[in-house]
Structures are given as C-alpha cells and as structure tokens.
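What follows is subunit A paired twice: with subunit B in the first complex and subunit C in the second.
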Partner chain A sequence: MEYEELKRLMSEQKDEMTAAERMKAYNAGEEVDYIPYTLQAPDPAMADIFGFTTTQFAKDFEVKSEVIRRRKEEFGLDSFNVGLGLKTIGGALGSKLRAPEHGIDYVEEHVLKDYADFDKLEVTDPYKNPVLAPILESAKRLKDRFPDVSMTTSVAGPISTAIAVRPVEMVLKDTRKNPEMLHKLLDLTVECSLRWFEAFYHEFGPVGTNFSDPVTCMDVISKKQFDEYSLPYIKKLIDGTEKIMGSRPGAHICGKTSPIWGDLADAGLFSFSIDNCEDLAVAKAAVGDRMRIAGNVPPVDVMKEGTIDEVIASCKECLEKCADSPAGFILNTGCQLPIGTPKANVEAFIYAARKYGRGARLGHMPKGILEEGFEN
Partner chain B sequence: MQTKEEMLRKLSDCVFDMEDEEVVDVVKEYIECGYDPQEGMLQGLVDGMKRASELYEEGEYFVPELIVCSDAMYAGIEEFQKYLPETENNSIGKVAIGVVEGDTHDIGKNLVRIMMETGGFDVHDLGRDVALDTFVDYMRDNDVDILCMSSLMTTTMPGMGIVIEKLKEAGLRDKVKIMVGGAPVSPAFAEKIGADGYTRSAIEAVEFAKKLVGAA
Partner chain C sequence: MKLSQETCYIWMKLFGGEKSAVTLVFPRHFLSKYKNTKEDDYDLRATSGRGDSMDIQIVSGFLGAGKTTFLNKYLPLLDGNTVVIENEFGEVGLDGDLIQGDIPVKELYAGCICCSLAIDFRRGIKEIVEWYQPDRIVIEPSGVGRLSDIVTACARAKVKEKIDLRITKLIAIVDLPSYEEYKDGFGAFYQDQIQHARLLLLSNLDQISPEEKKRLVNELKTDNPKAIIYEDDWRFMDGEALLELVNLAEDYEDAPEEVSVPALPADRVFASIAISDPAELTEQRLEEILDHLGDQQYGQILRAKGILSAGESGLMHFDYTPAARKIHTIAESGKQEREEGAWECKVIIIGCDLNDVALRSLFQ
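Right after this comes the complex of A and B.
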C-alpha cells in the first residue's frame, strides 16, 4: 500500500476513546474501540521523527514538551514516561556516562571496578543526587504542563543496573567467582530503584511503573544464574513497587526468555513485553492466564526497515496469535522503537491496531480479526 | 612424572573447569616435565576451550562460563609464551574484529574473538567504539582475510554499512571478506549492506569463517 492510501484509510478510522479510557474499560472486561497499543520506549525515535536529536529531547524542556504533545496528537500516544534509563543509576552512583548528540548513552567508565570501593557507594537520594534530582524536577514541570496526560515511570532491572555500575564481564565472572559481593551489589541496585519510585510516589501519587532488564535473558546467563542472581532481586523490586505504588510493574526483557516466563508470573509481574525472537502463541499458552503479554513486532526488520504492508501484516500476526490471551494483550514492538523508524510505519502500526484490533475485549479475539483477519 | 597425555588433560581441564589461577602452576609443571609448549597450548588449553564451547552449544555453559574459561586459557597461554622464543605462525587466516563507533557492547565481539582464536585464526582486536575510518585504515595497512564487525544497537548498526561503502571507495572491498553480527543484525541487513555473511552465534561465526578461508 502507498502512503497516500494509508492516510486515506486512516482518515476513515476514528478513535472513540482516549488511551486512558480504553485501558480502563479493557481492564474492566468491557469491549473497547480497539486493542490497547504502545511502542516500546519510543522517545528517541519520536524525537527523531519530529526533527529533534536525542540530546535536544533530553536537555530542552520545550523540545520534550513538543514531542509529547505531537505524539499524542499524531499517534494517539497519550501517556508519557519520565523514568531512569538503563545507565542512569550507574551514573548516579558515579559511573561516567557519555551521551552522543543523537543516539543512546553509554558508560564510559564504571565506578565499581574493584569491590574494595563498594563501601563508598550509597543508596542514591532522588532529591539530592545530581543525576537524579534534575529528572525528578523535569517530571514535575511536565506534569504541570500536561496535567491531563498520564505519566508513568521506570527503572532498569537489577542485573542491568548492576552492569552500569560494574563492567558487564566482571559482573558475569562474579556469578562464578564472587557471588557474595555480587549479591550485595544487586541489593544496592534494587534499593536505589525503589528509592526512585518512592520519590515519584511522594510527588505524584500512584503511577504506572515498568522496568527493563535486557541482560537477564537466556542468551547471556543460564536459568540457574537467573534463579540465583536475578529472580530474587526482580521479586524484591516487584514487591517493593507494589508496596509503594499499590500496583505491580510491567517489564521488558530482551532476547530469549521462555525458560523464565513462569518465574516472572510467579513473582507477580503484571505485564511482560516479549522480544520478537520469541513466539507470542507459545507465550500465551504458557503464561497468558497469569500475566498480561505485550509484543512483539520486530523493531528493526519491520518497524525501521519494513514497508507499510509488512508492518500491517506483522501487527495482524501478533493479534491473531495473542489478542485473546486471558490476562490481556497489548500490541507493542518486540524491543525499543529504533531511531530512524519512518513516520509512515508508526502510522501503519496504529492503522493495523485500529483495523484488526477493533472491538477488543480482555481474553477474546477482537472483532477486527474475526471479521477481517485469519483467512478472510 | 606424569605422562604428556595426563598433563595435556590437566591443562585442558583447568580451562574447562574455569581454574584461571591454578592453570599457571599446571603450565609450569608441564614445562618442567620438558614437554613441548606449542603442543601444550593447542592440545591442552585450546582443547579445554573447545570442550567449553561444546557445552555452550548444548546450553550447559553460558556467557559467564565462557568468559571465565577464556580467562584461564589466556592466563595459560601467557605463561607458555615465556617459553616460546618465537611464536610459530600456524594460523589458518587473519581476522580483524571490532565493535563500531558509538557502541560499547563488546561481550559478543569478545566471544567471537575467543572462538576465532580457539579455532586457529590469528585475530587482531580493534576493540569497541571503533571509529569507522579505523577499520578502513587497518584494512589498507594490513593483510586481513576476514573483517568482523558488530553492534548491539540500532543506532550504531548503520556504521557497518558505512565501513563497507568506505572500503569500496578505497578499492579495498574485494581484498577482504566481511562478517557482521549483533542482536539487532539480521541476514537481511547483512545482505543489504553488502556483507559476505551474518551468523547468529560465536560458534557459528567460526564455522562460517573457516568456510570463507577454505579451511572447513
């Protein structure tokens, strides 16, 4: 399909609900205009689509406001996240971060190369820490400017936070050579994350929460290492979050995760965003009754590099496989929406959510799929 | 005195069992017995790493185990090198490897380096966050059979395509085979940017590289 045709077809589609109304009704088991959708961590890609660099987005309050406004207007994404990135707590604890003008930040120098320095690290205070305080301040300003748009917050998972404090190879070796100190480090990361959520609750009341934990997948560590070093701290993070916010967090873990789905559901995770290397149908059968599933349009091959038709076909396939998952389904990308994703593909994603996700209801196939999907 | 076979097995086990400190003593013991260092490296240490990689393929060992095993292998090799006046060059091909500019994710790259070395390649590691021109300059100044590039981020992966374009402009593209890898990279992407191949894992990378140099 050409872009003009997509735009014409989209002009015939109508939103009947705001994203917040849709989610509320969907959670209550009511039929909604169409399936709830989201795009994983879209800020850098959105900034890019609207002509800004990631640095402008991060540092310029007016740019950030404009991106939030336009992505609501143009893509119906009417919530925004002010959270901590994968490396933020690492930076707050003293690792040196570097952010390219237009790209993703990275750790230039880790603060904890020698465990002899461990006692110098203290649980970070979001009100006083020079890295965290400005983020909290920015959340306050954004909330003032967009009082009606729902705001969420996020942190990185325990192991992913740990590797922003200590180099990843050392952390992985610690699982074999220094379990005791690694446990201390992981405990510290969770304390820092929960302290962030507490501050957020203190300022804004209960909000939706999420964590990303790209390293804790079975492409990197074993199930045994996950059980020993990741799961207890994920559990602590989930329980702590529920205690603070009154609701359980969602999570995204990259890569192969099927061996740990059951553990994540047992740990009380509310929703899980699944990488596109895994199969949604398998996930639905395994844990769909206990955990909401989100996913998993391929971010690079489809969203960034694919055609409009490929985006639509991929969204339809996700819905066919998983839209009737008992604890609910959110159409999402399989990992972060890449910088360089064309606007047309974001629109094709929304078009497909509206068309094939029409008449969605928790635990049931949407009318859109029943009438226009499958073999039709 | 232990036989050479027993000592080789001990060296191999040190690597396989992740004994990165004990290995140095075993190398010394092996040398004191008067056995050949070159053989000790290949039939002992490298053999242990090969056994570790087999377990990795079977899903018994994971990245942490491979890293500690390779630490033991390199500690052993470093000790052996004290007894080798000139390193004999038995390599089956020369590989240059690096993570492209803007990207510091190098676990995958390091695993490929380790596996390539274990597989008999002579590997030059350009490191991580490598300026694109550095790849081109290295290709110009050195005889390299295979260039391996990786990135873990969608923001940096186009850099691999830019390197290939720069190599073409410099008339260097045809003198080297190019392999790419990393989580967001796919066979389609590899083809699009004009690489010679993509492999999903470090183990597959070595097999593919051997085919490229006609050693498989």
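Right after this comes the complex of A and C.
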C-alpha cells in the first residue's frame, strides 16, 4: 500500500488506552484495545527519524526531550528508557569508548587486557562515577520534564558487560584457560549493574527493568559456557533486580537462543525478546507458559529495507504465531531498530499492531487476527 | 617499470554488540619485488580475481591463530590495489612497513551480527569501492565472527548495492593444539569458521607431537572434508608457494554450496617445497625432469613452477600441473633484469606426500 493510504487507514484507528493502562489491563487478563507493542532499543533510529544525530540525542537534553515527546505523539510510544548501553559499565570501569557523531558507540580500548590490573577495578558508584552520574542526572531531568510518561531502565547482561571490560576473544579464552578470574570479572559486572538499579530505585522508586545480552547466544558461546559463565550471573542479576525493584526484569538476547530458553524461564526472567532468527511458534510451545515472549519482526530486511506491506505482513505473522502465548506476548522487533529505518515502516508496524492486535487478551488470539483472517 | 601497490587498511568490528568502527587508510605502499609483466613474460605473482570483478577474500581465525602474522606475510605478495578490512580497532599488529602513516577517511559502523551488521557492512564495501576501486578486499573478521555471516553480507552487497564483486578465497587459520578444546567449548562461530573455509592453515604446530598433529588433522578433515589443509608451518612457507596454495583453494563463487574440484585429490592435506638455489639446467634436461614429476616416488605433485638459469641462454621459467606443462625462455631483455636481481631463480612445488629429498635432488 502507498503511504497516503496507510496514513488514511491509521487516522481511522483510535487509541483507547495509554500504554500504561493497556499493560496493566493486559497483565490483569482483561481485553485491551490492542496488543502491547514496543520497538527494541529504538533511540538511535528515533533520533534519526526526527532529524537528529545520535550524539545530539545523547548529549543535548533538549534534543532528547524532543525525541521522547515526538515518539509519544507520533508513534504512541509513551514510555522511555534511561539505561546503560552494552558498553557503558565497561566505560565506567575505565575502557575507552568512542561514539561516532551518528552511529553506535564502541570500545576503542579495553581496560582489562591483563588480569594483573583486576584489583584496580572497583564496583562503580552511579552517583560518583563520571560516566554513570550524568546518565542518572539526565534521568532525573527527564522525569521532571515528563512526569506522566513511564520511565524504565536497563543494563547489559553479565557476559556482554564483561566484553566491554575485556576483549571478547580473551573472555572466551578465559572460559578455558582462566575460569577463576573470569568468574571474578562476571561477579563485578553484576555488582555494577545492581548498583545502578539501586540508585535508580532510590531516585525514582520501582521501575521496569531489562537487560540486553547479545553475547549469551549459541552463536558465540556454547551451552556449556552458558551454564557455567552466563546463567549463574543472569540468575544473580534477576534475583538482585527483583529484590531491589520488586519485579523481575525482561531481557533481549540476539542470535540463536532456543537451547537456553528453558534455563532463562527457570531463572525467573519475566519476559524475553527473541531474535528474528528464531521461530515464535516454537518459543511459545517451549516456554510460552512460563515467560512472556516479545518479538520478532526482522529489523533489517523488514523494518529498514522492507515495504509498508512487508512490515504489516511480518507483524501479522508474529501475532498469528504467538499472540495467544499463555504468559503473554509483546509485538516487537527481533533486534535493535536500525538507524535508517523509514518513518513509514514504524507507522506500518503500529498500524499492524492496532489492526491485527485489536482486542488482545493474555493467552488468547486477538480479535483482529480472528476477524481479519487467520492464515496459519 | 616498478609495480605499485596501494594498500588501505580499514578497521571495523564485526561482532555482536560491539557496534563500531573506524577507518584508517594507508596510501601508496610500493611493492617493487617483481618486474611488471608483458604478455609473453612470466610472472610469479598470482592473481586470484577473475575478469574485472573486485575480488573478496576472507581470512578468519580465533585469537592466537596468527591472522595478523598471516596478513603480514600475505599482503605484500599480492599485486594490484588491496583494501584490508580489519576487525578490531586499535588492536592490529600489521607490520610498520606496510603502514605508512594513517589518514582517517571514513567511519564505518558495524552493528551486531544479527541486525545492523549487514547494512553497515554493505555500505562500507560500497564506499570502499567508490573511493578506491580496489582490485581486491581482504577481510579479517572478528575472531568470534561467523565466516558464513561475512560471506552472506558480501553476497548481499553484490546484489543490493550492485557491486561487481567475486567472493573468492575463504581461509581459516586454526590453532591446532587448541582445536578440540575450542570446538568443544565455544559457540557455533568456531565450527562455522572451520566448516566454511576452503583453505585451512595450521598454527602452533611446534606445541604438539607428530602423532597428535596427525590425529588432529584427521579430525579437521572429518569436520571439513572439502577444504585444502596445509599440513606444514605456513609461516615458513615460500611466498610464491603460499600464493600458489591460495590459488589452488577453490573460489567460493565457483561453487557457493559445495566445493567440487575434480582436479584435486581426495586427500587434501597439502605440503610444499621451495628450492631457492636450483641448478643450472638445459631446456632438454628440464623437460626430462618435468616428464618424471608424475612418478609416484615424488609424491602427488599438483603444481610446480619456477625460474631457472639456462646458462648462457639466459633464464627459463616453467609451469607444471599434472595435466599440462609449459617452458618459456625468458627474452633477452630479461638478462639485464636478472643481473639487477629483479628475478630470483627458484622452484616451488605443492602437492601431497611430497618426497622432499628426491625432489630437491632433481633440481639441485
């Protein structure tokens, strides 16, 4: 369909609930106007859509406010996340980060190339650390600016944080050659993450939390490595988060994860955002009764490079496969929304969520799918 | 006339979560080792590209396998203009004489392996092509990158960005003593590198016994029966022999799904011999030697080539495969080049189960 047609159809759709109302009713098992949806880590792509660079978004409070305001107004995304990225704790511990003007930051130099330096690393204090303190400060200002918009926070998973402190190949080698020090490093990363959540709780009370853990996929580590070096620390992070916030976190893990779904559910993960390389129907059958599932419209092939019709078809397919998952479903992208995603495709995603996710209820297929034709 | 080589090094990280990259370009590194070729002249340099398409080669391997050592050895052997895409910013150890001052020109962003990587990688390749029109790009992906992902990303660059490229050599360097441990311990990326390679080079061979080496090579053969495995220490390999070996490995795009080179033996564990001081021979004697290279006693020779002195007649070069052989006398003009040391007399032989002593005695 053409963009004008999409806009016309969208103008006929009405939001009956705010995102917070929708989620609350959905969790209570009530029927909601349409399925809850989100876009994975959309800030860089949103900044791009609204004409800002990622650096402007990160550094300029007014730009950040403008993006938050417009994404609520134009896309109905009425919550925002002020969290730590994949490398933030690495940077806070002393790794040298570099952020291009418009793009994703990266580690230029890792702080821990030699474990002889390990004792120099200390658990980071979000109030005093020069990398973390400004982020916390920015969260306070944003909350003042948007008191009615719900704010969440996030960290990176333990082993993903570790590779921002020590190069990934060394960390993988440590699993064979230096397990003792790697355990210490992983312990430190979880301590740093929990300290962040504590500070957030102290400032804002209980908020929703999640973590991204791209290294914990079976493309990078084996199940054996996961069992020994990732799962115990994920468990510690989940338990620690629940103790601080009173609720369990969600997580996103890129890549192949089916062998660890059961472990993640056992560890108490509340929701799991699944990469588009995995099948939602399989995930629903395996762990849908124990964990909320989110996913998994392909970010590159569909969201960035697909047509409006392809975005709609992909959203519909996700809903058909998983919207009746017993512990709930969130329509999401399979990984981070890429910079360069066209505005029209974000709108098509929302249009499809409203159309096919209409009349959603926990554990049931939405009326939108049932009435618009169920294809699978 | 000297041949110039312009080599650009581009660092980008190709690993999940580490979204990054930086570009550094090192202009005009001149290679003057070999004479430029005329049509009838013989040139030991190898070219693996075909037609006008840009050649893409990928060199993978985990930390400690020796990728940087390999590139330091391999890159100076290549003719034409080469751009190198490296994985890790700031962690590259390419030799100083390959790098003559860095000029940042363009930033490339590589997203995580499952999302933005493909886009940024494609765009990166496109920009390299537009700015440098190189003859070839050599990619050294992150040690935890999947070789098949990089191949897919390159193939998509070809289709989506309409870049005239050919994916040719897929090389994996394997730390052989650690092979079983890593295979067992790491995620799918490790086996992906081994199983998708068309040429496997082995490292750290001095750390294991010959029996252990044999056992591990057999395991590698089981895991990738189609790849050529070079069984000796490639670090000590003669440069031209290394190029020949790379050329023997099948180009990815000749058979994207399956390796199928009928000319190569079923047992693809190769060795090489370089004879740096071959004896002066007559053309007739050289012909006799080449007639006997197929004899069983010498092993299974797949490729031999070299330059020899023919005494007063000047120089001869020869080129041998089991199916064909050629001997050329190098033209009069070659004499002067020879006196200037531009041409070096040398013979290289690649094959399986080579009888080193017998082959050396043929040429020495």
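Simple rule for what comes next: the second predicted complex is superposed on the first by the 373 of 376 C-alpha atoms of A that agree within 3 Å, B and C clash if a C-alpha of one lies under 4 Å from a C-alpha of the other, contacts with A are read in each partner's own complex, and residues count from 1 in each chain.
Methods note: a contact is a pair of C-beta atoms (placed from the backbone, for glycine too) under 8 Å apart; a residue touches a chain by one contact, two chains touch by 3 or more.
Since we're looking at a predicted model, the values are computed, not measured.
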Fit or clash for subunit B plus subunit C once both are placed on subunit A? clash
Which superposed partner A:N129 touches (first subunit B, second subunit C, both, neither): neither
Which of subunit B and subunit C A:L86 touches, first, second, both or neither: second
Go through the superposed model and pick first if A:V300 touches only subunit B, second if only subunit C, both, or neither. both
In the superposed arrangement, does A:K256 touch subunit B (first), subunit C (second), both or neither? second
For the overlaid complexes, name the partner, subunit B or subunit C, with more touching residues on subunit A. C
Applying the document's definition of touch, where does A:I339 land relative to subunit B and subunit C: first, second, both, or neither? both
Of the partners subunit B and subunit C, which touch A:S230 in the superposed model: first, second, both, neither? neither
Which partner does A:I104 reach: the first (subunit B), the second (subunit C), both, or neither? both
If I apply the document's touch criterion, which positions on subunit A are contacted by subunit B in one structure and by subunit C in the other? 100, 103-104, 106-108, 168-169, 172-173, 175-176, 218-222, 225, 254-255, 299-300, 304-305, 335-336, 338-340
Using the touch definition up top, name the residues of subunit C that touch subunit A in the complex. 13, 15-22, 62-64, 88-91, 107, 109, 111-116, 118-119, 142-144, 146, 160, 178, 181-182, 184-189, 192
Given the complex, residues on subunit A that touch subunit C span 86-87, 98, 100, 103-109, 156, 160, 163, 167-170, 172-173, 175-176, 212, 214-215, 217-222, 224-225, 254-256, 275-277, 299-300, 304-305, 334-336, 338-340
Listed in rising order, subunit B residues that touch subunit A in their complex are 18, 61-65, 67-68, 71, 102-104, 107, 110, 129, 153-158, 183-184, 186, 188-189, 192
Across the complex, what residues on subunit A touch subunit B? 44, 100, 102-104, 106-108, 168-169, 172-173, 175-177, 218-222, 225, 254-255, 299-301, 304-305, 335-336, 338-340
